[in-house]
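There are two complexes below, and they share chain A, which is joined by chain B in the first and by chain C in the second.
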Partner chain A sequence: MTARVQTWHERVSWKSIALYACSFVVACYLLAPFLWLVLTSFMTEAEARSVPPHWIPERPTASNYAAFVNPSPELRMVGSRAIEETPRALLNSAVVSLSTALVNLFIATFAAYSFARLNFRGGRLLLMAYLASRMVPGIAIIIPFYILMRKLQLLDTYLALILSYSTFTLPFTIWMLKDYFRTIPRDLEDAARVDRCGWFGMMWRVFLPISAPGLIAAAVFAFMFSWNEFLFALFLTSTIQSKTIPIVVANFATDLDVQFTFMAAAGVLAVIPPLALALVFQRLIVQGLAAGSVKG
Partner chain B sequence: MAEVHLEHVTKKFGSVVAVDDLCLTVHDGEFLTLVGPSGCGKSTTLRLIAGLERLSSGQIYFDGQPVGHLPANKRDIAMVFQSYALYPHMSVEENIGFALKMMGYPRDEIRRRVTEVASMLNIQHLLARRPRELSGGQRQRVALGRAIVRDAGAYLLDEPLSNLDAQLRVTMRGELKKLHADLQRTFIYVTHDQAEAMTMSDRVAVLNEGKVLQCAAPAEVYNRPANMFVAGFIGSPPMNFIPGEVQREAGMLVFRAEGIRQRLPLHVALAVDGTSVHDVVLGVRPEDIVVSHNPEEGTLTATVLVVEPMGADTFVTLTIGRIRCIARVTGEFRVGSQETLYIRFDEAKLHLFASDDGRALRAERAMVLNQQEADLA
Partner chain C sequence: MRIVPYAARPGLVTSYLRQLRQRSLTLSDNLFAYVLNLPALVVVLALIAYPIGYSFWLSLHRYNLKRPDLYRFVGIENYREILTDRVFLNSLKVSVIFSLLSVSLILVLSLTFALLLNETFLGRGVMRSLVLLPWAIPGVVNGMMWSWIFNAKIGALNGLLYSLGLIDAYRQWLSSPTSALLAAVFAHVWNMVPFSVIILLAGLASIPGELYDAARVDRCGVFQRFMHVTLPWLMHPLLIVLILQTMNAFRTFDTIYVLTGGGPGEATNVIALQTVRTVLDFTDFGQGNAYAYVIMLITLIISIVYVRLLYKRGSFET
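Now for the complex of A and B:
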């Protein structure tokens, strides 16, 4: 038989054209606000407020970013000192988010291993209780949390944020890791024990390295949640000692004025760390989630 | 090397008894196979020896020392798992050397031993690879290497060949046997495949419902099964069982079933004579059925149902009245479906079992010899 060269309309079906078109529309819908944010961050405030609005900056400027590094005395006061506070707020967010991710990994690893491997009385009930706690909206428990933190003299500290974020993220992390751990064959643990490992040795040298995709996915989710969280940070922080980036960015919209370009630049800066994390660990996150949900 | 002794070992999972008051001794340097159907407790027994399961009661001794209280990492054992359980994040070299590393061996010594074992198993070219880059057979060798790299007291192998294709399984059977001959260590092997058990082992322990039904050399288990379960489990095709009764006719004991009258041989008659045993099951191995196209004195008439040529042998399914049995004949024997054949049983190799509990009815060898001498005198 002779091979016949396919014409373009034989290779490209209407179904795939429709699929690509739909994907393009969804991508535009999702990415347009982010693109607008990035483009606005390179505009002057006058251009950003121009009517009719336009997308592409006519005279792109990096001055909005430069202001964060070395703000002039008058810019320092913009947005309740938001420009001045942005770098420190980024650091605070990083410390709080990383710590929450680590606390999550440490506690959830032990908890999830117990749920995945040990049959103990009330285990299922406990898991359901964790899930139920995840259903309670933050606004419902913010007052008790505030009072608790005040009594513990933890207001306006990293620890207050780390503790409260861990409360919200741990149930999800435990559920996710429990499902992931169940996909790891028991024989591997047994083999490690036969190969002269105690329980901790087995965990450290065999179980946790194999679980890396699941652990990284869980840690990234805890990090993202903490990085984006607004409500608890608003209540529990009051000075730049512990204020996180969402609070400081919100300050650009004061009662008197809204600084669109600075807000956009701060927004871009705030997006970079989680975006970088997601890009770096993209493969592992998908692997971790898929193993937990499909095989678990 | 170690002698492994299990004393009244019981393991319960809730109300389920997986291993039931099991007593067994595996001698130093012996290759013992635990064989039985799925769920008979063979893998649980192996895991109890390894320390991967806790004893419900009883004790396990290694060289006379009780080890029942010790966890797996404190027992002097190495193990090959059915799934191979290779560490996916480590190279083949790291997999094989892992236990030695855990035991604190110097790096040079680990490398020397790993290389030695790898060349023994012919996997030296795979040392840098990860398990996912290996074929089933190669993984199996690495799993084996991970065990034999250690100077363990006992080597436990849990159905290590079950994931291989039939051809490779036969090759590995031979290699394992050679490996045991070279190493001269204690091997405890678990399988549900009676061919593996028969070909590799010094002794075979047949398990069912958590109990050892017979533990003896493969030939002994095959030729002198202790009960109907062992007789039916060991051998392929399995032994034919014909239910019937024992009667005394003209001073001699005969077995009678529908259309069958069979004089009982001495080794069976001596065991039955003088007892109240009446309902029995006659056991005949397929190869102990002699078939012929021509009738002779004492032959039974049988109709051929199915003919299964296997090459060297042919399996012929026959009916004698309503009784169905399988005969093994040579590959050259020509027969077709629905043909009539004339058969007789090889008397010296008949087995008889009590139908109430399935125990074998067979006189001791000494008793048979004494009777034969008396008859001659």
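Now for the complex of A and C:
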């Protein structure tokens, strides 16, 4: 396009006005519901229940958040179980999600390497099998999974959750890493071979460090999946020993006489880790999502 | 070529050894690959394939956890029962309506958003980050958030519409079958739109700019450019969005569990919710597995269509 001098009404065209108006509407749509939840979590219960609703808290208070750390005696009396359980549930979620991410990377790296570098019989078929297992809906296998965990006496443990989440995220991780590994030049491996590194040495010292962005993206996806997962947690957990944060939030929501501001605060806490990851690793996530699905 | 004794040329020995090692490496490529795949295969076989088989086996049994004494093989009895069961047929209907509404709304919204975010304007980067927000929110929190927005007494929607003068009295959104279903669709769509926007944006980015220049030279209007350049190039990502979102909608669970719990009555009782109820509330594992299998079959059909369509378009890279 040739650059030419623009008059003012060409620059501030109807098109750009429409563009900004539309983006404003879209931004509101994306942001408003969650923003309201955040604002509510800083209100007192009385203010949150006022009619017509207050949009901005008049006297913002962090007492709802403080209650999780140190519930007041009256709260203890009411026995709001969900409030007491929130900190531990956050911890459970963190442990389960981190472990899932690590287990996932560990197992998937080997498999993904084989698809990226080795030309082997049945490879294509195996890859399709992984893809197929990615399509299996969780609800379809939760019952036998539950029975299996009961037999192994793993109900209400971290291990049951980590096992199930790893299984579910593994196929996607393998596909993602396979694509990433293929972008890494072979020369580096050959150089490492010439230097008499064994395969493990080569992977550890050369290959994996270069693949760090891909590995991080895969780990972030596995973490977020595990953090947000609800169905399996509903079946596999029963006490605060292993309850994850979605379970506690759901307890809040289905409990009739709970105060809404606590619920909002718990909800915000539950959103922070995945949201922070999404924003920090935005580029990696967008690439991963696009590649993972556009290429099949 | 003259044969030189190896001992006479030490360098040759090492090179020969290296060759040997490399050959043995290539020979065992197959073996090595399967060794590398072993852990993943064990996990997938033990925790996906085995449960699928076991699930089918259980679906052929009368099996109530509270009455283990009644456990017996009943063949396809469970399937016959649920296929004539009013509750099951209703949940299937609800799921189909829910999926149709959600998927069409998602398609329209995500295409609009993607086209918008593909334009160049100030703040586009911020908007692109903002798109990720709903995606990062766990389904349970999403359900809770919307249940309060739709709350009849103190909800934001009532407050907003009332203060704008669009309604003259507060409505009970979650108490009427139709509006409760629409509310569930809305909440689900909000959560799912970002994923589709990202896929469509990637698709838009892959359209060569020359095509638009050519269209401009041919004096194509905005609409014609969209029809003849954008849309054909977007067919593939749109197809993916369509299929993945259909699968997502069909198995949706957590948002609805928290938002409406399937109510009022059974108006939002989607099939996944009904499955969980059958298992957790009625501890009927036999019938629950039959439900699970029906969901799996439907998802399987959708994924077969998915893979076939992608194969046909030759864009399936492995």
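Just so we're on the same page, the second predicted complex is superposed on the first by the 243 of 296 C-alpha atoms of A that agree within 3 Å, B and C clash if a C-alpha of one lies under 4 Å from a C-alpha of the other, contacts with A are read in each partner's own complex, and residues count from 1 in each chain.
Keep in mind that, in the parts below, a contact is a pair of C-beta atoms (placed from the backbone, for glycine too) under 8 Å apart; a residue touches a chain by one contact, two chains touch by 3 or more.
Just so we're clear, the structure is a prediction, and the values are computed from it rather than from any experiment.
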Of chain C and chain B, partner touching more chain A residues:
C
Where does A:C197 make contact in the superposed view: on chain B (first), on chain C (second), on both, or on neither?
first
Would you sort A:D187 into first (chain B), second (chain C), both or neither based on which partner it touches?
first
Looking at A:P209 after the superposition, I want to know if it touches chain B, chain C, both of them or none. Which is it: first, second, both, neither?
first
Of chain A, residues touching chain B in the complex
185, 187-188, 190-198, 201, 205-206, 209-210, 212
Residues of chain A touching chain C in their complex?
16, 19-20, 22-23, 26-27, 29-31, 33-34, 36-37, 40, 48-53, 106-108, 110-111, 113-114, 118-121, 123-124, 126-133, 135-145, 147-148, 163-164, 166-167, 170-171, 174, 224, 227-228, 230-231, 234-235, 245-247, 249-250, 252-254, 260, 263-264, 267, 270-271, 274-275, 277-279, 282, 285-286, 289-291, 293-296
Taking the touch rule as given, give the residues of chain B at its contact with chain A in the complex, in rising order.
47, 50-52, 71-73, 77-79, 81-83, 85-89, 98-99, 102-103, 146
Interface with chain A, chain C side, in the complex: residues 29-30, 32-34, 36-41, 43-44, 47-52, 54-55, 58, 113, 116, 119, 121, 123-124, 127-141, 143-149, 153-156, 159, 162-163, 190, 194-195, 198-199, 201-203, 236-237, 240, 244, 247, 250-251, 253-254, 257-258, 261, 272, 275-276, 279-280, 285, 288-289, 292-293, 295-296, 299-300, 303, 307, 310, 315-318
